[in-house]
Each structure stands twice: as C-alpha cells, then as structure tokens.
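Pasting in a structure now, in structure tokens, and then I'll have a few things to ask.
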Amino acid sequence: MEEFILTIRCDDAPGIVLAIAEGVVEAGGNILESDQYSDVITGLFCIRIRFEAQLGSLDSARATIMAKVSRFEPNFLLRTLSHRPRALLMVSKYDHCLFDLLYRWQRGEMPIEIPLVVSNHNDCRELVERHGIEFVHLPVSAATKTEAEARLLELLTEHAIDFVVLARYMQVLSDDLCRVMSGRIINIHHSFLPGFKGAKPYHQAYERGVKLIGATAHYVTAELDEGPIIAQDVVRVEHAHSADGLAIMGSDVERVVLSRAVRLHAEDRVALVGSRTVVFD
Amino acid sequence: MEEFILTIRCDDAPGIVLAIAEGVVEAGGNILESDQYSDVITGLFCIRIRFEAQLGSLDSARATIMAKVSRFEPNFLLRTLSHRPRALLMVSKYDHCLFDLLYRWQRGEMPIEIPLVVSNHNDCRELVERHGIEFVHLPVSAATKTEAEARLLELLTEHAIDFVVLARYMQVLSDDLCRVMSGRIINIHHSFLPGFKGAKPYHQAYERGVKLIGATAHYVTAELDEGPIIAQDVVRVEHAHSADGLAIMGSDVERVVLSRAVRLHAEDRVALVGSRTVVFD
Amino acid sequence: MEEFILTIRCDDAPGIVLAIAEGVVEAGGNILESDQYSDVITGLFCIRIRFEAQLGSLDSARATIMAKVSRFEPNFLLRTLSHRPRALLMVSKYDHCLFDLLYRWQRGEMPIEIPLVVSNHNDCRELVERHGIEFVHLPVSAATKTEAEARLLELLTEHAIDFVVLARYMQVLSDDLCRVMSGRIINIHHSFLPGFKGAKPYHQAYERGVKLIGATAHYVTAELDEGPIIAQDVVRVEHAHSADGLAIMGSDVERVVLSRAVRLHAEDRVALVGSRTVVFD
Amino acid sequence: MEEFILTIRCDDAPGIVLAIAEGVVEAGGNILESDQYSDVITGLFCIRIRFEAQLGSLDSARATIMAKVSRFEPNFLLRTLSHRPRALLMVSKYDHCLFDLLYRWQRGEMPIEIPLVVSNHNDCRELVERHGIEFVHLPVSAATKTEAEARLLELLTEHAIDFVVLARYMQVLSDDLCRVMSGRIINIHHSFLPGFKGAKPYHQAYERGVKLIGATAHYVTAELDEGPIIAQDVVRVEHAHSADGLAIMGSDVERVVLSRAVRLHAEDRVALVGSRTVVFD
C-alpha cells in the first residue's frame, strides 16, 4: 500500500464531494484524512485528501478520478505522499532563514528537493555547498536586472523547479516574473503585515514602540508586500530592546514562519482563494 | 435552505466516505465543510460534516443517510446547525468560569441552552437568576452524597440534559455517575495536566517555581484528573508572582479554556478515541 | 509597616540613583522591589520603587525624598501601595471591555476607584448601576459635541478623576481634551496597530486574509490611533472564520489587553518617554 | 566609558540598596539599568545592575563597592559587560540544541566562549569542529563512568569553565558532580515539567493526548528533573500528530528554551533563591 495526496479546487457545486469519493474508491483508495472548505467570498470549493491504495499507475489513478470530476473543471493535483516538490531558494546576505530551511531539510523535516540556491551575493556559498547543493551567483544591478531574470527563468526550467522561496532575498522581482510564477513564489517579510510594509520594518517598529513584533510569509504578487498570506507569528518585545535587538528577536520569528509556510506549501496544504489562502493544517 | 451537522464515528473501513457522501447527496445535501480523521491507535474513523439542504424532515434525512452507512455500525449524529444542546452547569464558590460561560451565552457566542445551574453552595444564586436561569441549591455532605447524586440524576432526566459542565465544582462525582454520563461531563482542572494533579495546584506551581501556569478542560472519568483532554492553555508567570497572584492569572486561563471546550463540545467538534480526543477546529 | 510606590522620571544624570536611595533611607524606607530604565532615544531616566516604611506622614516622606532629588527636576510621584487612582470609564454600545473591567474590579483584581461611567448611549446603564456605580448618559452629536466635552471636563473635576478609560467609546475626543488629559486617557483599538487603523478593522483583517488578529491599548493623542502603545496581544485565526467570527475572537483579546493596560497604568508601571512607553512589569 | 554588570545576592536588610548605590557612585559609575527583587520565601535580596564608568581597574572597583556592602556578606559579582563566561557544552546524539547554540554563538547572539564540546558519542564531531571548536569524545559506560567524570572535572579546570550546558546529553551526572557544580549546570528536559518526568516524554505526551507540549531548561541537582527552572515554553499540538511528530515539533521548543536559558545565565540574569529562580529579563 502507498499513500497519496489529492487536492482539488473549483467552483463549488452540488455533488462534487460525492464525485471525488466515487473517484477515489474506483481508484482503489481508502481515505485516511480529508479537509474541505467552501469559501464564501469567492465561491471556491477546496479539498485536500490523503488516501492509501495499492501501488499502481499514478496516471491511471489520475484518469479514473478525473473522469468523475472533470465536469467541475477543477484545478487538480494527485501525487504520492513521498513525492517531494523541487524548490529553488533565493537569498541575499542574511542567512538565518536559509540556514533554518537547510537544517530542517537535512534532518528530513522539510519534504522538498533543493536542486540549487541562487543569490545576488556570494556570502552564503559555503553554507550551501556544505550541504551538497549547487550555489549559483547571479548578481543583479539596474543594468543587468533584465538579463538576470532571464537567466533565472532558464534555471527554473532547466531544474524543473516547482516553486521558489525568497529566504530574505532583497531584490524586487519584475511583474512579469511574478505573473509567470503566480502562487509559486513564497516571500518572508520581516513584519506583521499589513503593519510596517517596505524597508527597515524593525526600525519602524522600534520607533513606533510596539509591544509585539512579527513576520509574515506570503505569496509574491506584483504589488509589494500585498500577496496572499500563508503564515504569521509574533514575539513579545519590551522597551529595553534596541532596534538591533528587535532584529535579532525577529529573525527567530522569520525563520520559523518561513519554514512553516514552505512546509505547508510543499505538503499541498495551501489553497489560493482570491487574495487570501485556505490553509489545511 | 438550512444547515446541518453530521458526525459519524466507527471502525475505519474502505468505502465509508463514499457511503456518507452518497447518503448526504441522496438526502439533498450540499457539503460545505468536512473534517475527517482516522486514528492510528484505536483504528477509529471520525468525521464531522456541515452541509446545507432544503428544510425537510430531519428524521427522513437521518433514515436516508443511515441506510447508506448502517453496515459500518456507526456512532451517528445528525442535527440542524441551529439546534442547541442542553447543558447543566455545576459550580461551588469560585464564580469566574460560570461567569464567563453565562456572559458568552448571553452574547449569543455559546450555542447551548442552560435550563438550570446546580450548586452545593448558594453563593452564585444571584448571578444565575439575574440571567433568568433556574438555580438549584443541592448541598453535599458525606451523609447526603448518595441522595444528592440521585437528585442530580433526576434533574438530568427532567430537564433532558445533554451534557454537564463542572465550572469549578469542587465535589468529586461518584464512579457510577461518571459511567452513566461518560463523555458528557466536562471539567476544568486548574493546572496544565498531567502536572499538578489534585488539590491546590497554584500553590504546588508556586513552590516548584514554574515559569508558565495552565489549565486543562477534560472529560470526567472515574479516575481523578485523568480523563481525555479537550483543551489546554498556559500563561507566562514570573518570580514576583505570589501563589495568590498565580491563582488570579490562572483564573483567566481557566475560563478561556473551559469556555473553549464547552463550545467545541456543543458544536460536536470533539470525538472520543479511547483516552484521547480528536478535535475538529 | 506600610508599603509605598515611588516613581520618578527625569533627564538622566549621574548620581540620581544614589540620591533616590538616600531619600528613601532617610524616610525610613526599605526597598522591596525596584525597576529602572534609562531610555536611549529621549535620554530620560525612569524608576519605579516599592518600599516599606513605618506608617507616618506621606507629606513628610515626600518632602524628605524630594529634598534629595529636586535638583534633577523630576516628574515625581509617591503614594501608598493601597491608594487606588480614580478612573472614569467611557463606553458606547459594545460592552465587553466595560464588562471585563467591572468584573475584575468587583473581584478586587483591578486597583482603581470607579466613581462613574459615562456613555453616549443608554445601553450599558443596567450593567453599570448593578455594580453600584453612577451612570451618566452624555449624548454626543455634531451640534452638542462642544457642550458634551465641557460637561465631561466638569465631571473630571467634580469627581477628582485621575485617568480616563475609553472602553470601546466610539466618539473621537477633541484635540483640546487630548492635550489637557495627555498621558491620562487610555483607549483600546481593535487591531494590532499600526495595521488596520481607523474603522472596521476586523473587516479589513478578514479581507486581507491575516492569520492573526490583535488589539492595542494606547494613550490617546490628537492623532488618531497613533498614541504611545501600552499593551498589545494577538490571537490565531483561520480561513474558516468570517469577519463576524473575527470580531468575536477579537473581543476576547480587546478586553484582556485593555484590562492589562488599565492595571499597569493604575499600578504606576507605565512611564511615557516621547511617543513610546516604558512598562515595568 | 565602559559598561559593567554587578549582581549581588544576600539576606535582605535595610540599607542594602543605598550601600550599593554609594559603592557604584564612589567607583565612578552611572547606573543605566537596575532590577531588584526581595524573595518572600527565602528572605533573599537579589539585584542586577548595569552601569557605565571610566575604564579603570576592575579590581579596584570591586574593592570600592565591596567595602560598602561587605557587612551584608553578599554573593557578589562584578564584571565588564563585554566579558564572556566560558561554557562547556555536552551532547549525545541529538544535535538540534547544540546546533542552535553554535549557530547563535557564531552570529554573535550568544555571549559566551565555547572552549570545547564534550560528547559520549562521535556523531557531532564534524558539526563542532566546523565551528573551530575542540571536540572531546568521552565515552561513558557503567564500568568507566567514574573515570569519565574524573576526566570531565579535569577538563572543567584545565579550560577554566564557568558553566556547563547539557544540550541533550543523555547520561545522568553523579551526585558529586552535581554538588560541585551546583547552580552551574543547565539541562534541557523535553517536557513541560513537572509533567512527564523521566524517559520518552513525547511518547508519554502522545499517549496522554495533551494539546500542548513543552520544554524546560533547569539547573541540575542530584534529584532528576527536579532542579530550579530557568525557562519553559510550549507549542500547540493536535490529534493528527504522531509521537514522532511531537518529537519534531518539540525539538523546536527545546532549542529555543535552552538557548534562552543559556543567554539568561550568561548575562547574569538568573539568581537562585532556594529551589526557585529569579529571572531579570
């Protein structure tokens, strides 16, 4: 027996759950876990199912289930539980988020493949290569930005990348790239959005005198710091903490939140419904 | 259209989800939300479904769905979303948990009926009657304990009580009563179980010098403070807090945790699997 | 023996701690607890001391200590620990924050006197009067706003009010009143500032799809929702929560945060340093 | 100017604060931050002061302040803020706590020197040596336990170790060693003490069905898992988490709690008062 993950998202309509259940049974599956939600705002139906079945052809299982549900014109994904999506990580100089992702990946806690890490600086090369992962230095300047993004797109194709993680990558991506990779780029913003958008959020937080600071992992859209939120968390701070102290405490929250978002995405637990996310956790 | 809650718990077996989906569709239902879990330890399948359907006979819907699933010998519940289970609250002298439950009930946040409150003291009479709820004073002593429990059982029947909430009720219930009402009595223990069982947990916590104190809502079993846990939470404390200070801070956690557990139970979000609970929230 | 609270805030300068310690000893005091902080941004020195001494004249103790520290031109407060500042509570229609304050006050957990509650509506009259507290209905319209504020100022004087708590009071106070009562009006904003300023923050939060919602207690300044923050907290929310659901969950955070801020202020644990606060807790 | 940390613990007595303030001023110091607490149970006075002064002889400053306070027979420590205590880390096979300590140390967030890491296994050698730190393999068996502890004591002396951190070191230390190093060995226990003492706490937690799991950093005493608690934290878990899943989530809490405790100890923010701790944070 092997385990499978099935996710479906489509306009809500009567009979969809029955059709899915029929498909899974016809494919020989026994449902172990199921989460479903119908979003009121968008009218979208989202489901994530884990089922077990005899190891057979994934393609034939797909065809069997799809035959039952195709009339709902679903966004449809079926894969084995053990399949690991391929992530490209991007980083600039701050290494704490990258560090945490690699650490969890090495321990087997992060169900992704990491074919390569791309950076506009060379600072993290040793860290990456020590893990046996290819490091690509892709400098970006105003003059080379278009060329660099073209190269990045090539890398995405060459390495069959499923999604991109901006682990404190400090360059803004072009609108084109955001569109092409819509719902497949995860960024960590070092504040509790929508508070403190833009640059130097810890300094903003220090000057405002907040009592909690936070971090937000979200999908990247063309509009800066406005994409659908996947995960957020905060930590309590006090008057005695300097702006630098906030940055240190905040970096702990950043890495936890980003790692959590990457795991949720990699496990197909996040469904996009308009500008918001449904998270099955 | 009206909304319904369906919960089923039975031994896990292939085809159960399909059978349920068929039943719901045959009853004219459209599933809005569904949570399912198959417990590894006990082999129990648990599902909670919210669906909408044309207002018709609840009994006929029950029969329709039951016909599809009866071969699984399920623990089966179908009710309208708007139906409110009937809870009997018990209290001794500390009123903070009772206070919180009544406050939320009055605001319409707590989906229960409260036909009466029973207490072994008279301290909370005014609070209860102010809410238009009957207050029954049922003193308990070593001599009258059997008699008092007999009267309590009568009250449960007379008022068609679905479940009992011990909102800081300081008498231990008899094993018989625990058995009769198994899975239908919720207690709040003022510590983070399994730490600090028994009496005076805040004093125990103070002497041990813990840095967090907590509260635990659990179903009552014959064995004291050992029943299946429904909800827990903690709050950070410091060296400067006295045992009395811990009790004050702890009372906030107690009321939040108990109110949460009562709401979860009343919304049929808690399934018992052996000595543990599955909570669909 | 009796316990005293001493707070001093002044420009930082060498010798200030020694001068204070000399003053306390000369007044016959033994220091039990002391918190001190020198703020880097404003250069302000803040200290809060709890000491015990023989019950004598408070005025003479004040004179003794002041003689030692007057050269630092301090903002100076000395009172007995048992003294309770006089708070005027203001509310509109939502009663959950008022409810929580009155509940804690009645239990003896909130060290304030509450001579009266003022509201622009009559909804909370019964709740207030049941606690034996005077309720003043002070309607506010565009036409009567100036007059109403004049009456409010009279009430502050007549009842020797130390500070004002806006427990979900939905009228904006005039700049004049904010200035007169600077650092003595506490408001609860139902979002995690600086996110979601202004009206309907829970609807804003719902539409943005945040994963945590919060509340912020702050001193009121002329600029809306921009005053120095005293306390903040958040609670985790999920995609399944509606805007109304967020409001219900948020109301729990609001009341906890506001009650915490009022207690901190009443215990003289909050020092204003520019647009931020130092909180000794 | 340089900054200094002064901590004093002694039986509480009138005049102690004044004596300290006089000493600091006489040593040319200006107090920047001060935390003080007098423990009711033990009658112990604890203070932690950060002050700035002209760089001079530390010994002479010590003598000056000590002259003022020696009559109180204090436990007395004066050091420069920049001084870093020397910690010996011990580990067995699980590397997550060691990993976190080394990571923070490398980033400059952990104010300690780490002359060497000792382990009864060789698994962590590469991790340690990569950081340029000496790794000592000190196997322990029933037969060699006495000998191994003797060697450990030698290492403590040779490397002038100030305190020991058991970063998931799975051997029980002898009573003798616990006594010699009393208050200077920090352990991480992977449960929320006093719940789930002893072995396999995550399995215990799984079977009990708790809704939060935790970790506890404490000083080591002869009695297992009973030493004074420095820091604790918890994380929310659900029915769907296996015992192994709890262990993964728990390992995150463990490393955060241990790193926090080590930082607090290294910054002289922890004072022992009997079987409890005072933490100035």
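Order of writing sets the labels: A, B, C and D. Residues in every chain begin at 1.
Simple rule for what comes next: a contact is a pair of C-beta atoms (placed from the backbone, for glycine too) under 8 Å apart; a residue touches a chain by one contact, two chains touch by 3 or more.
Source: prediction; values computed, not measured.
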item: B-C or A-B - the one linked by more C-beta pairs in contact; value: A-B
item: Subunit D against subunit A, contact positions shared by both copies (same if over half, else different); value: same
item: Centroid distance [mean C-alpha coordinates] between subunit C and subunit B, Å; value: 37
item: Touching two or more other chains - residues of subunit A; value: 33, 37, 240
item: Of subunit A, residues touching subunit B in the complex; value: 12, 14-18, 20-22, 24-25, 30-38, 47
item: Residue ranges of subunit D in contact with subunit A within the complex; value: 33, 96, 99, 103, 107, 109, 130, 240, 248, 252, 256
item: Subunit D contact footprint on subunit B (complex, rising order); value: 37, 39-40, 192-196, 207-212, 214, 228-234, 238-240, 242, 273, 275-279
